[in-house]
Structure formats: structure tokens, C-alpha cells
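What follows is a pair of complexes built around subunit A, which joins subunit B in one and subunit C in the other.
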Partner chain A sequence: MRTRFWISRLLRTLVTICFVVTFTFVVLRTTGDPVVALLSPDALPSEIEQFRIQWKLDRPMIEQYISYGANLLTGDFGRSYQDGRPALQSILERLPNTLLLGGFSYLIAILIGIPSGIVAALNRGRLIDRAVMSLAVFGFAMPNFFLGILLILAFSFGLRMLPSAGMGTFSHLLMPSFTLGIYVAGTLARFTRSAMLEVLDKPYMKLARAKGAAPFRRVFVHALPNASIPIVTIVGLNLGSLVSGAVVVETVFGWPGIGRLLVTAVTARDLALVQGLVLVMSIFMIVSNLVVDLAYGILDPRIRSSR
Partner chain B sequence: MLRSMPWSIRLTFLLLFLLVVVALLAPLLTPYGIADQSLLARLKPPMYLGGVPDHPMGTDRLGRDIFSRLAFGFKVSVAVALLGTVMGAVFGCAVGFIAAHFRGWAEEALMMVVDMQASLPFILIALTLLAFFGNSLALTVMLMALYGWENYARLARGVVLSAVAQPYAEAVTTLGATPWRLYFRHILPNIMGVLIVQVTLTFPQIILLESALSFLGLGIQPPLTSLGQIMGDGRDYLSTAWWISVIPGAVIFIIALAVSLIGDWLRDRLDPTLKREFG
Partner chain C sequence: MNHNSGTDADTVRKPVIDIRHLTIALPKSADRAHAVKDLSFTVHAGETLCVVGESGSGKSVTSLAIMGLLDTGIRVASGEIRFEGRDILTLDAASHRGVVGCRIALIFQEPMASLNPVYRVGDQIAEVFRIHTDLDRQAVRKRVIDLLGEVHLPDPQKIYNAYPHQLSGGQCQRVVIAMALALEPAVLIADEPTTALDVTTQAQILHLIRELQQRHRTAVIFITHDFGVVKDIADRIVVMEKGRLVESGPAEAVLRQPQEPYTRALLAAVPKLNPRDARPNSQPLVMEAQRLRKTFHSGGRRLAALDDVSLTLRRGETIGLVGESGSGKSTFARAIIRLVETDSGEIHINGQDITRLDGKALRHLRKSVQIVFQDPYSALDPRQTVGTTIAEGPVIHGMPAAEAGARARDLLAAVGLGPDAAMRYPREFSGGQRQRICIARALALEPDLLIADESVSALDVSVQAQVLDLLNRMQEQHGFGMIFITHDLRVASSICDRIAVMQRGRLVEVAEPSRLFRHPEHKYTARLLRAVPGTTEEVAT
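Right, the complex of A and B next:
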């Protein structure tokens, strides 16, 4: 049963990736000649000819589709028309910056979101619970570009403590990752709270109390591990909001990552770069969803045996 | 329903109502058009912050009146978001009905598309379409409609599947109603409540999406304007004229917060089985 679950999950991942590839292929084909889209405008006639052969543009659609997929598999996403470099190269250059920003944002989100969710659940109905949950709603409705601008006004122009744009030092990292992390933190706090509330009522919590376990031990050894499944789900599902957030936040703070690269590529209609970025970001998303699913099995033995 | 409405929700409704009234009355309150420039009154701060009563919310780099632009941008943002929300709801429900009606491979295929869209961040889809098809007002509205349709499709399909098994559906069918009459005249009214909740929860997200795209310069284009676009316009003047960005940002935040609060409240009211997640 277990292997069947893993195999079906892997297959679904592959189908989703195929869907994304098909999406970009269809969009690319409905908007005109891929040669114009994927080669730089000063490409030589011989280069164009070679491109037509390599991408099988003179062949029937189905063959074109297959060779399109094959070219993508070898990492050939076409060339950026702005600088003529392979799209993949530009993307890989910027990717570490986004991973740094995303990783640090997630750290902030987890460090703020989970503890405040636990505190809210333990003080259910009290003032602190209401305060945490109101803040979570605020974080949910606050557009990240607005929060970013307010932070820049406060800390760069007002207090003159942090740089407003660019990257390089640790202080450059603080505002963008806080802006990006706070939205996820709000969602995490809400779900941690409800997951904890569910667990805190369980009989084994009463038992733990009856046998004299300290409050700290009851929360972290008895309650939290049992509440971890929904929390991990939310951590995983929010990778998507992190990706979309990065597009906006990187632009606001001039962070040289792939999110900002995507915005400039879309503005300049640099189609090869857009196509490459969308594929890389979607595949990253899809694969991390897979990892989250697989993490359940490790976290919860019940899921492992029931499947 | 009105009597049991908590004061916070009443206040929220009042706030939204005031925003709409001010936006609608704005052309009567100020003599400026959204494109009227005044080079002598550039980057003027709002009233009480060193500005003049002529421009209660200050002016931008071309001396355009922020209040007039804000009121216009508010109408554009809300209109685009409303249109997108309604189109998305209608399209999503239709897809859900079709999937539930035909079952089999059509259902499989449609639900697969639904799952795919749900698994990708929408901004990636939006940016791809914008890059390949080029920016236009029609595409912007289309994108707003494309956001969230998958939720309605799931909802509508699920409801139809459970409703056709119920006696009232059987009775109507026996009386000779066509399936489409059954869906639209009998099942749709029954799910109106859930649908309205979904609409109220999607609307703020669409407002935020349009604002983000316009802020990045990829949504509503000049000479038209929207809240996000005014914000993006003021981004280069943060150090000298913060009000250009901050005032529209605050308005976006207020709309999103107000409509989300109403949506949460409606959900709790219409679905008593749902535990309050926060309070």
C-alpha cells in the first residue's frame, strides 16, 4: 500500500509538471513565431535556421511539442532578448538570492507564527488570544507592497537605521524578509492555534496532567507533536504565497532575485526569460508540495501504516 | 440578521459605505480632473501637514490632485474587482455544473485543470499571460476573473453531486424539468449562501491582486488609474512625498480588511457548524 501511495503521488507530480510545460507551450504558440520570442533580435540567419531545426518548428505540432519538452529537459529555455544570454544562466545567477530571502522569511514566519499560535491557544478567549488573532487578520489584509513601503518610510527615511534597497549585508536582508514573512506568520498563527485547540481537549492531555507532567512538557512533548500535521501542511502550502510575495517584495526592496527578474522580464516582454522563470518557479513549487506530502509519513506513523 | 449584527461589523459596513459615497461624490467636491496638472503646485503635502485646502490630500510630481485621483482610482479598482469576481463566480459555477452533469472523462479533465490552477501561485499564471499577450484593460479584467474560479467550480460540483441524490431534485426531474433548469432554478438558489461567502472572501484577494499588478506597472495603465497604480507612481518619491503612496495604500488596506471581516462574519453566520477560527 505504501509504495502505491508514493508512486501515485510521484505520478501526479509529473502530470502537474507536464501541465505547466503544456501551458507555456500553448501560450508560446498562440502568440506568434517562437523564433521571435526565444531568440535575440540580432540573431544571424544561420542561427535562426539552426533554432528551427533544433526545436523542430517545421514539423507537425505533436513533434514540436515533444522536442519542446526535450529542449526544456536539457535546460535550453531560449535566449533573453535583452542581453542575448541563455535564459537559464540569468535565472541560476539570481536564484541563490531568492533562496536566501525566502529561507530567512520562512525562519521569521515560523519563529513568530508558531509560538504566537501556541500562546493564543493556551490563553483561549483571553485578551492575549484576541490580540494575536486580530494581528493575524491585519497581517492577512495588509498588502505586502504597502507594508514594505511603510517599513522603508519608518526605518530608512525616518530612523535611518536600515538601507531601503539592494543586498549585501545582513541589514539589507531584514526588511524584505520581515515583509515577506509576516503574511505567512499570520496564517501560521491561525492554524497553529486551531490545531493546538483540537489537541488540548484530548484525553491524553488530561492523563499527562494527572500524572503530573509539567506544563512545559505537556505543551511541547504531548500536544505539539500531535498538532504538527496541520501545521506542516500550512507551512508547505504557504510556499506558494512566498513565491508570489517574492515577486512583489523583491521589486519594492530592489532585491536582485528571480522575482524581480520576472517583473522586469514581463515589463520588457522578454519571453524566453519569462518562460524559463515560470517553469523554474512552478517546478520548485510542485516539488516542494511533494516533499511536504512525503514529510507526513515521517511525522505521523498513523498515516504511514494506513496507506 | 441586522439585529444580531455585532457593532464591529456595523462599523465596517458604515466605513465601506462612506468610502463609496465619498468616491462617488468626489467629482462634485473637487474642481480637478484626474489628469489636470499644475506645475506650480507639485508635490504639495496634504492639508494640516503644510499643504493648502485646495488639495486636501496633496499633489503628485505633476501637480495632480491626489484626492481626485484617489476617488477615481477607487472606482476603477472596485469596478474591476467586482467585475472579475462576478465573472469568476459565474464561470466557476458553470464549470462545476458541467463537470457534475457529464461525469466521466469530462469531469476528470475539468477537475484536473482545477487542481492544477490551485497548485500554482496565481501571480505566475497572470504574469505569463501578461508577458505573452501584452497589457490591456480587457486582459486585466480577464485575469481578475480567472482568479479563484477553481474554488467555485469545486463548490458547485460538490453541491450538485450531493443535491441530485436528494428527494427535491428527484421530484423536479420527475415533473419534467431539464437538468439545466434543475441546476440553475433549484440547486443554485440553495447554494446562494455559500456562494456569497465565497465571493466576499475572494473579493479582497482580487483587490489585492489588481493593486499588486498595477503597483508593479503591469495592471491598469495610464491614462486610467487605480489605487495600486497611484501607489506605484509615488514609489520614487517616498523620501520627499510619502503621501502619494501611503494614502492609496491605506485605502487598499481598509477595503481588504473591511470586506474580509464581513466575509468571516458571514461565514460564521451562515454556517453554524463551522467553529469560529478566531474571534
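Right, the complex of A and C next:
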């Protein structure tokens, strides 16, 4: 049963990747001419024609698609129209920066979001619950470009404590990862609270008290594992928003990651680079969803035995 | 209040639990100020005290107060709960945890929901030892396996490693009992521990509790609304009503010579095991099921839910469907209303084979077969007024809204709620009243066949009696045939013309109650009848 489950998951993953590749390929080629975006407006018709031939843009679309697909299978993502370097190389250079920013933001989100959700649930209806929930709404309602600018104004220009842009030291990491993490923290706090509230009312929680289990044990050993399915789902779904959020945050803070690279590649209609970036982000989402699925089975024996 | 108790014994022995003038206050938003008012009773070692009363009588709140498990907003306003001479209400949190789970243990109503679904049952029992003792891992494991054996679970090693969802309800309750008895507590509080179980499993669990109690001299506080169970196990009885003690005393005295009118009314409402004869009936057949088969497949396992089941029902007749969980009762009902597709066989409603109907014809069939579910709380849409809920069916089937509204008001009057109820919402009604609304909703479509799926199981005995009476009256007025699914053989014996006994998807016996109860032909029927609590004398008479 389990082998069949994993084979079907793998097949679904491959189908999704094929779909993403095809979709980006078609959309990028039907919504505008990359030559117009890349070459200067007064380029001669012969120069334009030569560019097309050089990058094989004069061939029928289906032929371009087949050759692109075949190259992908060998790990060749194509070359950037802007600097002629392999697209994969440019992406891999920037990817660790985004993973560092995303990873640290996620750490902040989890460390703030889950404990505040638990505290709110344990103090349901009290002042502390209302305060935590108001902050959570603030977290996910505040646009991250705006929060980023506010932070720069306060900590860079006002207090002169943190650098406003670039990367290199730990203090460079703080403001962008906080800006990115606070949105996810707000969402996580809300979902953790409702998941915990549902579990705290269950008869087995009462039985845990009846056994004489101390409050800490009841919350972390009995309640949290049962509340973890919706929490893990939200954690997985928000990995995507970390990447999309990185586009904005990396631009605001001048962070050299794949989010900023995507913005410049899209503006320049750099087909190979945009396709490569979209593919990498999709694979990232697909893998994180697979991990979430795997986590369900680990966390809940009922799901494990149904597979 | 009356105390016809054996106070001589009380003075001789020291009680394990001594509750003195206990008052438990409810939050301001509640419908009354106190859940429990000035309650006093005692329990001695080796004794079983049954606390009986209807919903809202305060019996469960009392047990939660002893355990220190009261919900937020509910608090002990005054009084004492003395355990082995100490008032446990005055203990700090840590000392209280040292008593609870170790010296006083609790078993809940829903065994499946009482166990944490993400941990192995063995580890959940082991947790009690980890919290309260210094035993090492190996010693704990050995003790747990011994306990699993002591509660008669087969293959304790295997059960240790099982998760709750892999066990049956009865097995889960045995695990909870093993957990409760792990540290040989002085007091065991059992809050409706068998209500959610089959009659045969119930009998086994009651037997187990009694056996363990005798072995360990545990004092048992047994909370129940089932007088059959009380009759079987109680040494003494406390009767509660709306938070107050109405009557207490030795079981024999309270059951045979109740002093208070409330106790007498409660006892009178208990369905008697008074098997009736079938009413003469020459009406046409409303339902004819022939050779129904249905097999479910799950995780590589096959489960025959219906195995060659044939049954007929006439207009104006009531047939009871009894059997344990998983015997196929509900699958049969669902097949009749086409919520489950059978693998083979034919179902005729009013002479028409319905197994191949679809589209408009199937919707028309739905009109002539209606169902009343077990839980009246979840069966009604909380955002619709009662009138709209009842009128919805007729309107769907083409009746003008004004006419459907008038019919809804008539039906509400007929089920004893009055036409004004139409404008109100389900939350404004009690459980029994909601079940009346569900019955009115089912009857609004003037069905030829009514299926009552455990429709009175969730109700108090007095309310149960009223709803059963209502169903009988409505059947006399409207002449529908009724399939009455129940696990309560007392109820079945009093309302049904014939009883069909099901076991593992097969129909093992069909007979009128008087014959079935006196001369059961199938050994499973006999076993089922023997398991009905408190019936030894009744069946004999």
C-alpha cells in the first residue's frame, strides 16, 4: 500500500513539474517579444533578425519547446540573454542567499507564531488572547514592503542600529527576515490557536489531567502533537509565500537573492532565466508539499495506517 | 429529601470519599446559578455507589469536581470533598495532581475519544507510572502488560503497541480501565462508562469493573442514567435532580420502595422489558427487501455489512432492528434510502424496485422514505428557523410555501410544541424537543416508511418515553411503516411488532417480541438478551 502511495505521489510531482514547464514556456512566448525588450528601440531590423537566429527564436514554437525540454533533462536551463551566462549558474549563485533569508525568517515565524498561538489558546477570551490575536492580524495585514520601509526608517535612519541594505553580516539579515517572517508568524499564531482550542476540549485532554499530568506535559506532550496537522499544513503552504514575499523584501532591502533576480529577469524578458527561476521555485513548493505529506504520516498514526 | 440509608454501616466504617455540603456555581450566563447545591454523600471502600439523574442533574459535574477537572467558569462555591480524611479542595495544584490519577481515577463515557490518538495505548498507560512512580522503563512495560492481561485483553504484547484507532470501543474502554486501575486507586469514578457500548460489551465491562473492584477493594462511584445498570451493580444509590440530592439509600430500598415522587417518576419512565405481541395487520407491504448484499473493502480487508438480508414491512407496522455495532443495522437503513448502494438484491418500496432508480424518480422516492437520526443536536441546521426546516422538504417537492408553512405549524402542534415554535431556532430547544422537531420534519413529507436510527438513544428516560409515545401516536394517525433501529432491547420490546436480530451482516432471527424474548431460537439472540442489564428477574416474570 505504502509503495503505491509513494509511486502515485512521485508521478503527480512529475506531472506538476511538466505542467509548470509548459505553462511558463507558452505564457512567456505568447505575451510579448523578448527581442523588443532586450534590444534598444533603434536597433536595425538586421540586428533583430540576427538576435533571433542566435537565440533560435526564429524556429517554430513546438521545436523550441522540444529542444528546451530535452536540454532540461540534461540539466541545461539555457543561457541568459542579458549576459550570456548559463541560467542555472546565475540561479545557483543567488539561491543560497534566498534560502538563508527564507530559513531565518521561518525560524522567526515559528518561534513567534506557534508559542503565541498556544498562549492565546490557553488564555482563551482573556486580555492576553485578544492582544496576541490583534498582533497576529497586524502581522499578516501589514504589507511587507511597507513594514520594510518603516523598519529602515526606524532602525537605519532613526536609531542607526542596522544596515538598510545589502548582505554580509548577521545584522544585515535581521530586518529583511523579520519583515518576511512576521507575516507567516501572524498566520501561524491564528492557526495554532484554533487548532489548540479544538484539541484542548477533547476528552483525552481531560483524561490527561485526570492522570495527574502537569500543565506543561498536557500542552506539549498531549495537545500539541494532536494540533500539529493543521499547523504543519500552514507551515508548508506558507513556504510558497516566503519565496513570493522574497521578491518584494529582497528588492526593498537590496538582498541579492533569487527574488530580486526574478524581478530583473522578468523586466528584461530574459526567457531562460525566468523559466529557470519559476521551475526552481515550483520544485521548492512541490518538495515542501511532499515533506508536509510525509510529516502527516509521521505525526498521525491514523493517516499512516490509511496509506 | 429522604435518607433511607443504612447509616449504621456509615458510622462504623470511615468513608473513603466524604462530600459535605458541596455547592458548585455556574457562570452568570448559565440558565441557573448552581450546577450542584448543598450535596452531601459518602462512599466506602469496596462499595459501589450509583449516582443517577437526568441530563443537567449535576452528576457529572460532581465527579469532575472530585477530580479537579471543572471547566473554566464553573467553580466550587462552598463545601468540602474529603478524601481519606483530607479536604482535597484545599490542596495546592501539585499535591492535588499527586492524589488524582494515583489515588482517585476516572473513566469517561467515550472510550475512543478518551485515548490520545497519536500515542500507542501501552505508552498511554505507562505514562501514569512515569508521572507517579520511579519505576524504570522495563518494570513499567511489564506492569502495563500485566494490567492489559488483567482487564482480559487478548495478546497484551500486541495491544501494547496498538494505536486507539486499531481497537474496538470495548477494547478501548478496557485500556482506559487498565489505566485507571494502574496504581490501584482507592476510588474509581466511572462516568457513564458503558453508554457508548453495545449491550454485550456493556455486560462484559460491568463484569470487569465488579471483578476488579472485589479484587482491589476499590470504592466505585458509578454515574449513569441507566436503571438496568444500576440494578445490576449498585450497593447504594444517590438520586439527583437539578443539582440537588433527592434521595439516597441502599440499592434495594431505593429501587423497590422509592420515597420521593421524582425517583418514582424516573423509575416509572424506565422502559419495562415487557415484550408485546404483534398487532394484527393486513395492510399492504410498504417495503420488501430481498437478498441484499453489501461488502465494504478497507485497507485490503473485506467486511460483509449485509449478507443475504431479506425483510418485509407492512404499513402501520414497526419492525425493530437490533444487534451490536457493525452488525449491519445502519447499512440496511442506508440501503433502503439509497444512501448506500447494495452489491446485489432488490428493494421494493410500495411495490416499485428502487435499486435502479435515479434522477427525478429517486428524488420522488426520498419523499416516501424519511429518517430520524440519533443526535438531535447535529441533525438540525442552526441557522434555519424550525418552521423553515420542517417546511423545506414539502417546498422542495413542489408544495406552495404558504401551505408548507401551515403544515409545519400543524405538525409542531401535533408533536406537542405549539405552532409558535415555528419562528424559533433549534438552539432554543432541549434535546427531547429537538427530536420532536426532527420527527415533525420527517412527517412533513407524509412518508410511507419512517426509519428511526437510534432516535431515542441520546435522550433521558423520561424524555425517551415521551418521544416513543409520540412516534406511536403519529404512526396510528398517519399509518406509516417504521424501521426502528436500536441497541436497547427494552425499548425494542415495547414498541416493535417484530424484532429482527442482526449479527455480522446476517439476519439471524425475526420474531414478535413476546416470542423472541421468551423462546429465542438463535444462540446469538439468547446471548444478546442475557446481556441486557437488570433483566434477570423481569424476563423470568
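As a convention for this text, the second predicted complex is superposed on the first by the 268 of 307 C-alpha atoms of A that agree within 3 Å, B and C clash if a C-alpha of one lies under 4 Å from a C-alpha of the other, contacts with A are read in each partner's own complex, and residues count from 1 in each chain.
Convention: a contact is a pair of C-beta atoms (placed from the backbone, for glycine too) under 8 Å apart; a residue touches a chain by one contact, two chains touch by 3 or more.
Note that the coordinates shown come from a computational prediction; the quantities given were computed from them, not determined experimentally.
Novice: So, A:Pro203: does it touch subunit B (first), subunit C (second), both, or neither?
Specialist: Second partner only, subunit C.
Novice: See if subunit A has more residues touched by subunit B or by subunit C, and give me that chain.
Specialist: B
Novice: Figure out whether A:Leu299 sits in contact with subunit B (first) or subunit C (second), or with both, or with neither.
Specialist: Second partner only, subunit C.
Novice: Considering only touches as defined above, state whether A:Val248 meets subunit B (first), subunit C (second), both or neither.
Specialist: In the superposed model, A:Val248 contacts subunit B only, not subunit C.
Novice: Does the superposition put A:Ala213 against subunit B (first), subunit C (second), both, or neither?
Specialist: In the superposed model, A:Ala213 contacts subunit C only, not subunit B.
Novice: Quick check on the complex: what are the subunit C residues that touch subunit A?
Specialist: It comes out as residues 67-69, 72, 94, 97-102, 105-106, 108-110, 113-118, 127-128, 131-132, 163, 165-166, 176, 179, 299-300.
Novice: Applying the document's contact rule, which stretches of subunit B touch subunit A when the two form their complex?
Specialist: 112, 115-116, 119-125, 127-134, 204, 208, 211-212, 215-218, 228, 231, 235, 238-239, 242, 245-246, 249-250, 252-253, 256-257, 260-261, 264, 275, 277-279
Novice: Spell out the part of subunit A that touches subunit B in their complex, as residue ranges.
Specialist: It is residues 15-16, 19-20, 23-24, 27-28, 30-31, 125, 130, 133-134, 136-138, 140-146, 149-150, 152-153, 157, 164, 190, 193-194, 240-241, 243-244, 247-248, 251-252, 262-263, 265-267, 269-271, 274-275, 278, 281-282, 285-286, 289 of subunit A that touch subunit B.
Novice: Within their complex, state which residues of subunit A touch subunit C.
Specialist: 1, 124, 202-204, 206-214, 217, 222, 225-226, 299-302, 305-306
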